[in-house]
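What follows is a group of structures, each given as C-alpha cells.
Shared between the two complexes below is chain A, which has chain B as its partner in the first and chain C in the second.
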Partner chain A sequence: MRYRSQAVAYWYFAVAMVLFGLQLVFGLLSAAKYLGPDPLLYILPFDVTKVIHTNLLIVWVLTGFMGATYWMVPDESRTELHSVKLAYIQLGLWVVMGVTAIIGYLFRWGTGNKLLEQPLPHKIVIVIVMLMFLYNVGMTIKKSGRFTTTEGVLLLGIGSAAVLYLPALLHYENYTVSIFYRWWTIHLWVEGVWEMIQGGFLAYLLIRLSGADREVMEKWLYVIVGLVFFAGILGTAHHYYWVGVPQYWLPIGGFFSALEPLALVGMAMYAYGAMRRSGLAHPNTLALHWTLGSAVFTLFGAGLLGLAHTWPSVNKWTHGTLITAMHGHAAFYGAYAMIVLAMISYALPSMTHHRREQGTAIGYWAFWLQLAGMFGMTLSFATAGIGQVYLERILGLGYLDTQLKIQVHFVMLIATASLFTVGVALFIWDFFRYAPRFEVTTEVDPDMRMDAPPIPEAPRLA
Partner chain B sequence: MHGTQFYTPIKIVGYLVLALMLLAICWGGYITLTHWAGIGV
Partner chain C sequence: MNKRQSRVFAIACTGIAALAFLILTLDSHRQFGKLTNAENITPAVTAGKDVWHDNNCINCHTLFGEGAYYAPDLTKITQLRGEQYLHAYMRDPARFYNEQTHRRLMPKQDLSDEDIANLIAFLDWVSKVDNQGWPPRPILVTGASIPGTDLTTSQQAHPTQQESAGLPPGARTVTQGDDPIALGQALFRSVAPACNACHSTAPRVNLAGPTLAGIAARSEQLVGSAEYKGSAKDALGYIRESILSPSAHIIPGPMYSANGQSFMPNTYEQNLTTEQIDQLVAFLATLK
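Then we have the complex of A and B:
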C-alpha cells in the first residue's frame, strides 16, 4: 500500500465479500425450488429469492468496483484520496440502502421492474452515493493533476454508469415503454459502460502484474472502448425483439449484438498479448490467475454464449428460457465478479498481516473450485435450456410439464452450484482470516522502475 | 480513521455468512434427496 487512504478499499471489499456470500445463499434457495414441492413456498417464494439473488449481485459488484477504484486512483494519480471521511460516509449510506432494500424485498416492497426493483427512496440514495463517489474520485485526480488513460477509461465507465441509472428513476404505466427504457440502464450497464470499468481494472492489473509498457496497453484500451461503444449501444436492440416495438429493431439488434463479442475477443487477446510479450513482473500470481481468468471467461460467457442466442431467428425460440440464465451466469461471473476478485487478490497482500504475496494455497483452491463450479452451472443451465426450448417452444408442452422433464439438470445445477459455493466460501475465509494492517510501504511504481520506458508528460488539470 | 476496530465485527458477520452458505448447500442436498421425483417423470 503506497498511500494510507487506500485502506478505504479494504472495508468496501469486506462488505462486498459478505454480500457475495449472501447472494449465493439466495441463489441456492432459488435453484432448490426447481426440484419442489418447495417447503419454503409461503415464506420465501421464488420471486423473492430471485430478486434478492440478482440485487445482491448488483450491489456487491458495485461495492467491489467502488473499493477497487479507491485502491486504484491514488495509485495511478500518486496522491492520497481527496476525502477519506466522505468515502466512509458513502460506504455507510450504501450499506444501509442495501440492507433495507433486501429486508424490503422480504416484505414485497419493490417496484417489480426486473433488476431495478429498488423502491424510489433507495434509488435516490443510490444516486446520492454515486455523486459522492464521483466527486471524491474526481477531486482526487484534480488535486494530483495526474490523469492516466487507464483511470480515464475507468472514470468514464463509472460516470456513465451513474448517468445511465437515471432512466431507472422513471416510472411508466405502459409496459412496453417501461421495458424500452429499463434496458437503457441494464443493457448499457452490463454490455456497455461496465465493460469499460472492467477494461480499466484489467489494464491497471496487467500494467502492474506483467512487464507490459503502459503506452502500448493504453492504446489497446482505446480500441476496446471503441468496440464497446460501436457494438454495445445499438446492441441494446437485442432486448427489443419481442417487447412490442417496431420491427426494424430486429435487424439492428441482430447485426450490432453479433459484433459485441469483438470487444471481448480484443480484451482476451490484450491480456494474452501482454503476458506473452512482457512476462511476469510481480510475485502475485494468484491475482494474475484472476486477471487472465476474467478476460478469458468473459470471452466465453459474455462473448460466445451471448452470440449463441442473440440472432433474432434463434432468439425467437430461446428468449426468456434457461438459455438466458446460462449466458447471464457465465457472463456476469467472468466479466465482473472475477475482475473484482482480481483487484481484491492484488490489493490484499499489502493490506493484511502475514499474507504471502504470491497468494495462499486456499486462494488457489478458491479460484479453481469457483471456475469448475461456474463452468458446471453454465452447462447445467445450457442442457436444461435446450431441453426447455425443444419441449416447450417446439413441441408445445406446458411450462410446468416441461419443468418436470428437465428436473435432472437442476440436480446437476445444485451439485455444481455447491462446488462453486465452496470456492467462494474459501475466498471469503481467506479474505477474513488475516487482520488488516494499513501500513504505508515503499513499493516501486512500475512506471518508476529503472527499466521502464519513459511515459509522456501527464496532462495538467485546471 | 481506518477503523481496524471494525475488523472483528465484520469478520464475525463474514463467518456467519459462511455458516449460512453451508446451510444453503445442505438445504440443496436435502431437497434433492427428499423431493426430487427422479428422471423421466
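Then we have the complex of A and C:
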C-alpha cells in the first residue's frame, strides 16, 4: 500500500466477501429446490431465494468494483483519495441499501422485474451512491493532475454504468417496451460498460504484474473497448428475440453477438501476450492466476458459451431453458467475480500482516476448487439444458415431466456447487485470517523503475 | 496503429454502433403499438401486469422466455388452458399438482378473484403479442404431444402394473376431494383407452385424432352452425356427445372416419361412470 487512503479498499473488499458467501447460501438453497420436494415452500419459496441469489451477486460485484477502484486510482494518479470520509459514508449507505433490499425480498417487497427488483427508494440510493463515488474518484484525479488511459477507461465504464441504470427507474405501461429498456441496463452493463471496467482492471493488473509496457497495454485497451462496443451495443438485439419487437432485430442480434467474442479473444490474447513478453515477474503469482484465469474463463463462459446459443435459429429452441443458466453462471463468474478476486488477491498482501506475497497455499486451493466447481456447474447446467431442449422443446414433452427426467443433472449441479462453495469458503477464510494493516510501504511503481530492463520493442500482440 | 489511432478506433466504433442502435430504437417505437396490440392494453391488463410483478412471478416462470427456469413458460398459457381452468388453478395449485410426484409445487398465492381475472387478462394479452411465432412448438406444462413419451421405460414395458396403472410419472394420484377439472384432467390420461393416446391438447398437434386445443370454443361455433349433424344443444352437450357416441357428428378427414363411422372407440359410455364423464367434460370445456 503506497497511499494511506487505499485502506478504504480493505473494507469494501471485506463487505464484498461477506456478501459473496451469503450469495452462495441462497444459490445452494435454490439448487436444492430443483431436486425437491421443498420443505421451505411457504417460508422461503424458490422465487425468494433466487432473487436474493442474483441481487447479492450484483451488490457484491459492484462493492468489489468500488473497492478495487479506490485501490487503483491512488496508484495510478499517485495521490491520496480526495475524501476518505466520503468513501466510508458511501460504503455505509451502500450496505444499508443492500441489506434492507435483501430483507425486503424475504417479504416479496420488490418490483418483480428480473434483476431490477430493487424498490424505487433503493434505486434512488443506488444512483446517489454512484454519484458520490464518481465525484470522489473524479476529484482525486483532478487534484493529482495525472489521468491515465487505464483510469479513463475504468471511469468511463463506471460513469456509463450509472447513466445506463436510469432507464430502470422509469415505468412502462407496455410489458414489451419495459423488456426493451430493461436490457439497456442489464445487457449494456454486463456486455458493455462492465467489460470496460474489467478491461481497466485487467490493464492495471497486467502492467503491475507483468511489467508490460504501459503504452502498448493502453493502446490495446482502446482496441478492446472499440470491439466491445462495436459488437456489444448492437448485440443487445439478442435479447430482443421473441419478445414482441420488430423482426429485424433477429439478424442484427445474430450477426453482432457472433462478433462479441472477438473482444474477449482480444482480451485473453492481450493478457497471455503480456505475460509472455514480460521482463519483470511480480512475486504475486496468485494474483497472476486470477488475472489470467479471468481473461480465459471469460472467453469460455461469455464468449464460447454465449456464441453457442446466440444465433436466432438455435435460440428459437434454447430460449428460456437451462442453457441460459449455463451461460449466465460461467460468464458472470469469469468476467466479474474473477476480476474482483484478482484485484483483491493483488492488493491483499500489502493490506494484511504476515501474508506471503506470492499467495498462500489456501489461496491456491481456493482458486483451483472454485475453477473446478464452476466448470462442473457449467457442465451440469449444460447437460440439463440440452436434455430439456430436446425433450421439452423438440419432442414436446411437458415441462414438469421433462424436469423429472433431468434430475440426475441437478444432483451433479449440487455436487459441483458444493465443491465451488468450498473454494469460496477458503478464499473468504484466507481473506480474514490475517489482521489488516494500514501502514504505507514503499513499493516500487513499475512505471518509475530506474533499473527496469529495456522494454522489448513494443507492439507484438497482434 | 499507434495509441492515438487506436483511441480514434474505439470512439468511432462506439459512435457508429450507438447511432445505429438509437435509429433502430426509434423505428421500434414506431412499430411497438402494432406488434403488441397496444390498443388492447385495457385497465384489466395493466392491473394484471401489476399482479404479475407484485407476486414476483418472473423469478420462477418465464414470459416471452425471460425469467427463471424453475417453472413453465407462460407466454401462450391462455391458449393451452382455458380461463376457468386457470381460475381454479390459481385459487389452489395443490388441487392440480402433487409435490411428491412432480417434486415441485407452486405455492398458493394470496390473490383475490379479481386479481386472478386481471392476471389472466394480462397473460392473454401477452399470448397475442406478435413475437415471431415463438415458441416454435407449444411448450406444455405436463403430458406430451407424442403419446407415451411422458412414461418411464419401465411403465412402457409393464403397462398393467399396479404402480404405473397407466399414469405417467408426473401425473398425480387424485382424490375425490379434488377439483372436478383436475379429476377430469387425470382421467384424460388414465381412462382406457387413454384420450391422450390419440388427442393432444397442444394447438396444431393432430395425432390419430384431431387436437383438442380450443375444443370448447370450436364446439360452440360448431353447434350453432348448419354443418352440425348431432343432437346436442350447446357446447357442453356436444363434448359429452362426442365422448359417448363419437359418430353422431363426424369431423371431416379420411384419417378420422370411414363410412360415416368415427375411428374413435365408442366404449366410454359403458366403461365410465356418469360422474367421470362429467369430470372429463368439465376439463375439456376449459380448453378454449
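Just so we're on the same page, the second predicted complex is superposed on the first by the 448 of 462 C-alpha atoms of A that agree within 3 Å, B and C clash if a C-alpha of one lies under 4 Å from a C-alpha of the other, contacts with A are read in each partner's own complex, and residues count from 1 in each chain.
Operating definition for what follows: contacts are C-beta pairs under 8 Å (C-beta built on N, C-alpha and C of every residue); 3 or more make two chains touch, one makes a residue touch a chain.
Note that the structure is predicted; figures quoted are calculated from it, not measured.
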Requested in this report: Figure out whether A:Ala9 sits in contact with chain B (first) or chain C (second), or with both, or with neither.
Outcome: neither
- Message: With both complexes overlaid on chain A, does A:Ser418 touch chain B (first), chain C (second), both or neither?
- Response: first
Report for A:Trp429: first if it touches chain B alone, second if chain C alone, otherwise both or neither.
first
Chain A contact check, chain B vs chain C, more residues touched by chain C
* To do: Would you check which partner chain A:Lys114 touches, where first means chain B only, second means chain C only, and both and neither mean what they say?
  => second
**Message:** After the superposition on A, what does A:Met97 contact: first (chain B), second (chain C), both or neither?
**Reply:** neither
| With the two structures laid over each other on chain A, which partner does A:Met267 touch: chain B (first), chain C (second), both, or neither? | neither
Looking at A:Leu404 after the superposition, I want to know if it touches chain B, chain C, both of them or none. Which is it: first, second, both, neither? both
For A:Ala32, decide between first (touching chain B), second (touching chain C), both and neither. first
_Between chain B and chain C, whom does A:Val245 touch in the aligned arrangement: first, second, both, or neither?_
second
So the chain A residues that chain B and chain C both touch are 35-38, 404, 407
The answer for chain B against chain A in the complex is residues 1-4, 6-7, 10-11, 13-15, 17-18, 20-25, 27-29, 31-32, 35-37, 39-41
Chain C partner, complex, touching residues on chain A are 30, 33-38, 41-42, 45-48, 50-51, 108, 110-114, 117, 149, 173-177, 179-180, 215, 218-220, 222-223, 225-227, 229-234, 236, 241-250, 252, 316-317, 319-322, 324-325, 391-401, 403-404, 407, 459
Interface with chain A, chain C side, in the complex: residues 1-3, 6-7, 9-14, 16-18, 20-21, 24-25, 27-28, 31-32, 35-36, 38, 41, 46, 49, 52-60, 62-73, 97, 99-100, 102-105, 107, 122, 126, 129-132, 134-146, 149-150, 168-170, 202, 205
Touching chain B in the complex, chain A uses residues 4, 7-8, 10-11, 14-15, 17-18, 21-22, 24-25, 28-29, 31-32, 35-39, 84-85, 88, 404-405, 407-408, 411, 414, 417-418, 421-422, 424-425, 428-429, 431-432, 435-436, 438
